[in-house]
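Each in structure tokens, the structures are laid out below.
What follows is chain A paired twice: with chain B in the first complex and chain C in the second.
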Partner chain A sequence: MTDARITADIRYSVDHKVPGMWHLRLVRAGIPAGTVTAIDATAVDDEVAVITPEDVLPHGKYGCQIADQHVLASEPKYLGDPVVAVVAATEKAARQAAAAIDVRYETSPAVFDELEAVQPSAPLVHAAHVTSNSDSAYFEMRPQDGTNVCHHFRIRTPGLRGRHEPNLLIDLPSPGDDRLADAFADADVVFEETFRTPAASHVPMEPHATVAEWVDGRLEVTTGTQTPFNLRQDLAVLFGLPAESVRVVAAPMGGSFGAKTFMRTEAIAAVAAKAVGRPVRCVLDRDEVFGEVTRHASTVRMRIGARRDGKFVAKQMLAYLNTGGYADCGPGVAQKMGYAGVGPYRFDHVAVDSYCAYTNLPPAGAFRGYGAMQSAWACERLVDMLADELRIDPVELRRMNLLRDGDAFCTGEIMRDTHFEELLDDVAKAVAWQDGRKGKGIAIMLKGMQTPSRAEAAIRSLPDGRFEVHSGTADMGQGSVEALTRIVADLLDVHPDRITVPCPDTDLVPYDTRTTSSRSTHMMSRALAEAARELRNGGTVGRGRIVNEGGLDPDTGEGIASSHWHQGAASAHVEIDDETGVIDVKTLYASSYAGTVVNRPAAELQNEGSMIMALGSSLFEEISYQDGQLVNPNLSDYNIASALDCASIQHRLMESPGAEVHGLGETAVPPVPPALGNAVASLGYRPRELPMSPERVLASRVDGRPAAR
Partner chain B sequence: MSWQMPSTVDEALRLKADNPGATVIAGGTFLGILSGQGLLDNDEWISLQNISELKTLGTEGDLSVGAMVTHRRLELTPVVREDWPGLAQAFGVVASPRIRNVATIGGVLADADYASDPPSMLVASRAVAEVASVRGMRRVPIEDLIAGHYETTLADDELITRVVVPRPRGKGVYRKFRTRSREDRPTVAVAAAREDDRVRVVVGAVSDRPQHYADICAAWKPGDEDSAREIGAAYAEAIRCIGDGRGSAAYRRRVVGVEVRRVLMQVGP
Partner chain C sequence: MRIELSVNGNAIEVDVEPTTMLVDVLRDHVALTGPRVTCGVGLCGTCTVLLDGEPVSSCILMAPLALGKQITTIEGIPRDDEVVSCFDRQHAFQCGFCIPGMVLTAKNMVEHGTATSREQIREGLGGNLCRCGCYTKIVDAIEEAAR
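Then we have the complex of A and B:
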């Protein structure tokens, strides 16, 4: 197979253009919070259509988990929130029109920091919280009325339930006031610390690109999206249409990493197409991509209790997620950050409170790692601090407490197919742990997959002897077309040349939850196996359907967090210039449990890609804001890792004979920052905040003074 | 839009004199970003790309670098590496090969970005720019060419045509200090050129223009660590550092002290 990416035969969403289309530009709020008082469009040409918040009011609000967003904002929630759209025959005319519009505002108080946002005195970003009816609101939301918390996820293991506790904790309670203090009664050592992760950008090479068009009363949208069916549903609700009257074509994406999930610019493009009666295209500029959706900045406070011999007793965790002006899938991220922060360990008691908090910053949503990175940073740094305190080797301390087959996780689900110990040993070996541990660090984590979820697929035999695969799995550069082709070729025992995989088109392919959380290869491969079986039994179409049941009780965390677990570990060896704080990464290694590998080169690229992103997050990637203004929305001021930064990367896909296919797209993200952090800590530093810029490293020196020579 | 492509320097100077508002474009790496971000909306351009006299590189005697010579050529040309190693080094650590393949010496000097690598090494090496207009030619030492951040002493009708770098009289070392990706601009740029038993230390990327203190350098004792440390501390004290996304002012001040000491130990004893 010649890769269409190499022969330039692939038509990315940004390549999709249709004759007669007009161009959309957004006018964005110049204030972080307040109300639009006047829109002056008198300087705009007559041929340009101007769409205002009032025009979109009838559509109501949308949101994948909380219905909190209008198609255009009359009360902007962040600096950059779209308030007006202009549509013109050329891109240039649209840009000129957008620049000619004068918007007046009345400002109101804003809040930017997640810890400030949960204070009782904080200004409210949204007056009320309304749960979305969308399929993507797949668990019960627990908004805290009268606060900025749009979802509060809790875990209370059985011994800690049924107590009268405050709804919102701003700090870890001191043992005297703690309603859960008895959880730590058996602990000889109790250790706690606060960890921070900033917002980050996905930086897909291709920006968000959408073309919307109305064809005989039906809405057709071609767009880069990981969530075609969620998008179809949300668009249908906005326009009061049955789902069948909306068609979403998920064109191949030039990268996404979570940036192209749920509704982005599709709704406004659809409104605009209706207004001008022709197709409308919307492509974001790079600085707009930075502000479109980010990774959740978060603060995690964590307390761990252990016996002198190293056995873990209890963990308490408070996570505060900065979800920005709109919830997006922040509630889901809060849930995953919550249980991933417990780590792959046995505890007698676990109490987790994860708060998804609104602020007046750009919205945060799905991001490779999905919350697990932020809480693994806390969990794994804290385990090392505890190991120091107990004077136990960090590898052995982990080994003593790891979850094994048959153990119950904090959610009550029984673990199976666990490989944590092998992963731990593998990463320790990669940095020659046995030869001394100066400059070395390790970390291990577990990450869940979207549960519950449903995947359907069909295989159609074509008259020319080929087979067409109908699957909702979107290609964002991970090579899903190739993976699906190989899986079906294997299942049908035919040459891959006889398999064709059209891109997901909701008119053509059956339902799939979405291409996120590294679920697709795992879920889709099983749906396709059923479809192939049915096809073999006769007929021209085979259909398959896989449903994974589960989900967690939002108040106790009990249930099935994940129908299969992503298990990963990492290790690092670093040197530090102790006069300047610069980290020199000698080795960065990650080991991911893959079960059975479908396509080795592609799987290896997933591991490497995850590590590269995580390396950037560890060392320098950070979105900076000043009074709500994103100040580094370009690739000169916001650095991502370059080829030269990646020389130290090595990794492994751990397979197990006969095991099922495991998702791999994110497993190597969360363990990397704490492995690096622990390596840095072994040299006399105490990093708590990401990224570990040289300046922060110096400031974290345990003796308080940077080295002087 | 007008896009002029003169093939001689005289022709370019004439075009520029007739239309001082036109934008001169060399490698286009800096201008590409400006126009991409909508910060530059000019319809009249003069490209220097076809002027072969601006692409000459003379290595007999002093190094004579045409304004259109790329970073990559200075990085890779064997005689430059051999005889002007500090210079080859400074041009070789700019951005990535993609940028170095097209960015030019004229462009980096005329754009006068505070966070560039080559200017401090050029100042340390006593490089002089030849600046021409229809009114004639003048020679301007690099320290007098760069007036501040994005600010030069070039008149509207003037072009940089050539940069002359004297033959080194001792070791030259450039140290690029980065805090983020390996393709980032410098947080601190330190250049040192040894002239027999004396040294010229120049610190860039920490303030609006490259900083050199002859009086501080005068105290240098080659190979002496205490002397190097004292000069480092004196530079850190003397320069009013700025803060940006790459590092705060206080952090830069600290690194200046360390990096000046290190560069002096590299060019000594």
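Then we have the complex of A and C:
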């Protein structure tokens, strides 16, 4: 049978409609910071329901890691923050009503840049920091009171612990007053640099779409979400209900890449459905999708010390993440960005401070790569700069320092099943590194998987001889239905036609942490193996449960960052037009460790898709703001890669006989920008900021020649 | 205004405002889900339909302009169509949101003989974006269909 995704026999969240539903539109703040002083809705029809911040006050605040957000804002935190909702019988009436509402504000000072936000003089975006009770707050939050920092993650390897240090560093301390200066005592060369990455948009082709409905006192929400169980819990808390009184159905998504995680428009849709006593649908316009959630802009200051022979001695990193007006899962991103920035290398000493900072911009949250992309850019560009300084070949410098089986990572965990050297050799070969390195660059990285987490699954045998798979894994386009079908067909040794996989419905399927961090193939395949084993032992239902334990101490970074590691490398060969600064990508190659591949075409697509998205991040994708206003929220001003950009792409999935299944949803994202950046650098430029637009490339010329016109 | 449109071989009468875009008519009045709105400004191709066999962006085409023309959506393409089969065989999809538009554009390229090389296929897909990044396999599928 032809796949339903080709013939449009699939129903995405945006296709979900129910009879009698009304339509929701949001009125958004026209100021980046301040207070709503008046809402005039007199021009709105009587048949339209108007919901104001006052109406939602009793629900309190929510937030997956920090409880910082009201369902509607009386004190907007960014330009575009929803302040009023209107609900009407038709979409047109809702749009007209939204346009007829007049909101008055009193503005207060705003801050937009992450480095400005951490200055002592910066206006405070939120007066206080309150940790969320949600399961999604899976580690201890370390907000810095009286500052915009809502989480501070630290790594201090054993020799650097227990010292009296400032809570907040705005710059790398000069060696004279650095409390950690002795970490670099054995280094012959110490090198440091600052790197930046901009905010970016996920651009899922399908917008966020939600239908909420109250049925006999229970809330039912059908929505595109990667996090049905987190959403159920957060909605239950908002409405003071037990979790069982909330049902979340995660409809198939037309792409997400992190955009459809945690609470998005579900809370306001549920409030609206209650207010009008009918089902309510909310679909965002494209410009609203751009502002709904973004990728964290970041500034990373990094210092590396090495001996003359190339052996790494110490690394110090200060990372500043711009999480916008609400924290979302920014603290989690800060943590991952912190340890991923160390890279897959051995050091005697590591000190990392990763600060998640509020600003008055749209919120930033989960994004394919989850912080690893931002810090791998810094880590891998800096290794190449150091290689230049030491006059050591960048491949050899990395080889000398790579983590191998039995080595300890900076978190103290002992590495196993490492394949970094093979990956390094593979990507070097792909660009014929041995034949000269002009125009060529390589990069390597490690990335963690959600730890701790829990996956449960059930397989039910149906009277007609088929099997129904109950799994919380959401299909955002990665093809989870197809993967689950294959896995279970294999486990039970039956034809795939006999397997059915309903979409995740919290009333039906057992708990799963969430479909993120490329964890699902790995975790769910093992839970299903258990379920299949139990089913074979008799009965009509088999259940499986897999837990991965771990977590990091927020002060020292000690612990288990990841129960297994995503390992990836990339290489690039480019030419640059010296007059225009335009980069011509001749080859872009990525090699990702896959362990055992379950579904080859789907795995290849994940790898290629990651590379293509990262190519866009490298060369042209960037959200632009002017005084807090998102100025390019559409596909004519914000470009994504087309078929024409992808001719140079090649890749490999590295397998190892009998190895665990490794998720591949993101592995090829982080190494691509620095591989391209290092290739550009080999031609006499010094890129430190993404994307590498022609103007930035020209401005980064090392010989200081003026930019060509 | 009341207009009669020919959609996938059926005559369909709808009552719409003259400025309603064709994609909204197809989704909201004809209950088709194949044409989809992503960009809404004619750049991404998820709303592609064939108008007398030529691909157009139905998000920027006012419905009355389709009067008297044959409108074909993915729902009007037989399941055993060669291009559809090639997309299936090559596994040229992830989320699938862009795929109906890709298939319709590809059909037109294959029929007009403008899918003779991978480079030409890429050119022909310039107006169809895929955020999942399935381009390599999509080009494989169209190449196979054109053989």
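In this section, the second predicted complex is superposed on the first by the 704 of 709 C-alpha atoms of A that agree within 3 Å, B and C clash if a C-alpha of one lies under 4 Å from a C-alpha of the other, contacts with A are read in each partner's own complex, and residues count from 1 in each chain.
FYI, a contact is a pair of C-beta atoms (placed from the backbone, for glycine too) under 8 Å apart; a residue touches a chain by one contact, two chains touch by 3 or more.
The structure displayed is predicted, hence computed values, not measured ones.
Novice: Scan A:Gln119 for contacts with chain B and chain C and give back first, second, both or neither.
Specialist: Neither chain B nor chain C is touched by A:Gln119.
Novice: Is A:Ala602 touching the first partner chain B, the second partner chain C, both, or neither of them?
Specialist: A:Ala602 contacts chain C only, not chain B.
Novice: Among the partners chain B and chain C, which is in contact with a greater number of residues of chain A?
Specialist: In the superposed model, C touches more residues of chain A.
Novice: Could you tell me if A:Thr90 is touching chain B, chain C, both of them or neither one (first, second, both, neither)?
Specialist: So A:Thr90 meets neither chain B nor chain C here.
Novice: So, A:Met253: does it touch chain B (first), chain C (second), both, or neither?
Specialist: Second partner only, chain C.
Novice: Between chain B and chain C, whom does A:Asn133 touch in the aligned arrangement: first, second, both, or neither?
Specialist: neither
Novice: By the touch definition at the top of the document, which applies to A:Val582: first (chain B), second (chain C), both, or neither?
Specialist: First partner only.
Novice: Quick one: is A:Thr540 in contact with chain B, with chain C, with both, or with neither? Answer first, second, both or neither.
Specialist: So A:Thr540 meets neither chain B nor chain C here.
Novice: Now for A:Glu695: first (chain B), second (chain C), both, or neither, which partner does it touch?
Specialist: In the superposed model, A:Glu695 contacts chain B only, not chain C.
Novice: Look at A:Arg5 in the shared chain and tell me whether it touches chain B only, chain C only, both, or neither; answer first, second, both or neither.
Specialist: second
Novice: Could you tell me which stretches of chain A are touched by chain B in one complex and by chain C in the other?
Specialist: Residues 634, 636, 640-642, 644, which sit in both footprints.
Novice: Along chain C, where are the residues that touch chain A in the complex?
Specialist: Residue list for chain C touching chain A: 32-34, 36, 38-41, 43-44, 46, 73-75, 77, 79, 84-85, 87-88, 90-91, 93-100, 103, 118-119, 121-123, 125-126, 128-139.
Novice: Given the complex with chain B, which residues does chain A contribute to the contact?
Specialist: Contacts found on chain A: 95, 287, 579-580, 582, 616, 619-620, 624, 631-632, 634, 636-637, 639-642, 644-645, 693-695, 698, 706, 709.
Novice: For the complex, give me every residue of chain A touching chain C.
Specialist: 2-8, 10-12, 14-15, 202-207, 252-255, 257, 285-286, 475-479, 601-602, 604-606, 608-613, 634-636, 640-644, 646-647, 649
Novice: Going by the contact rule at the top, pick out the chain B residues touching chain A in the complex.
Specialist: 33, 37-38, 96, 177, 179-185, 229, 245, 247-248, 251, 254-255, 258, 261
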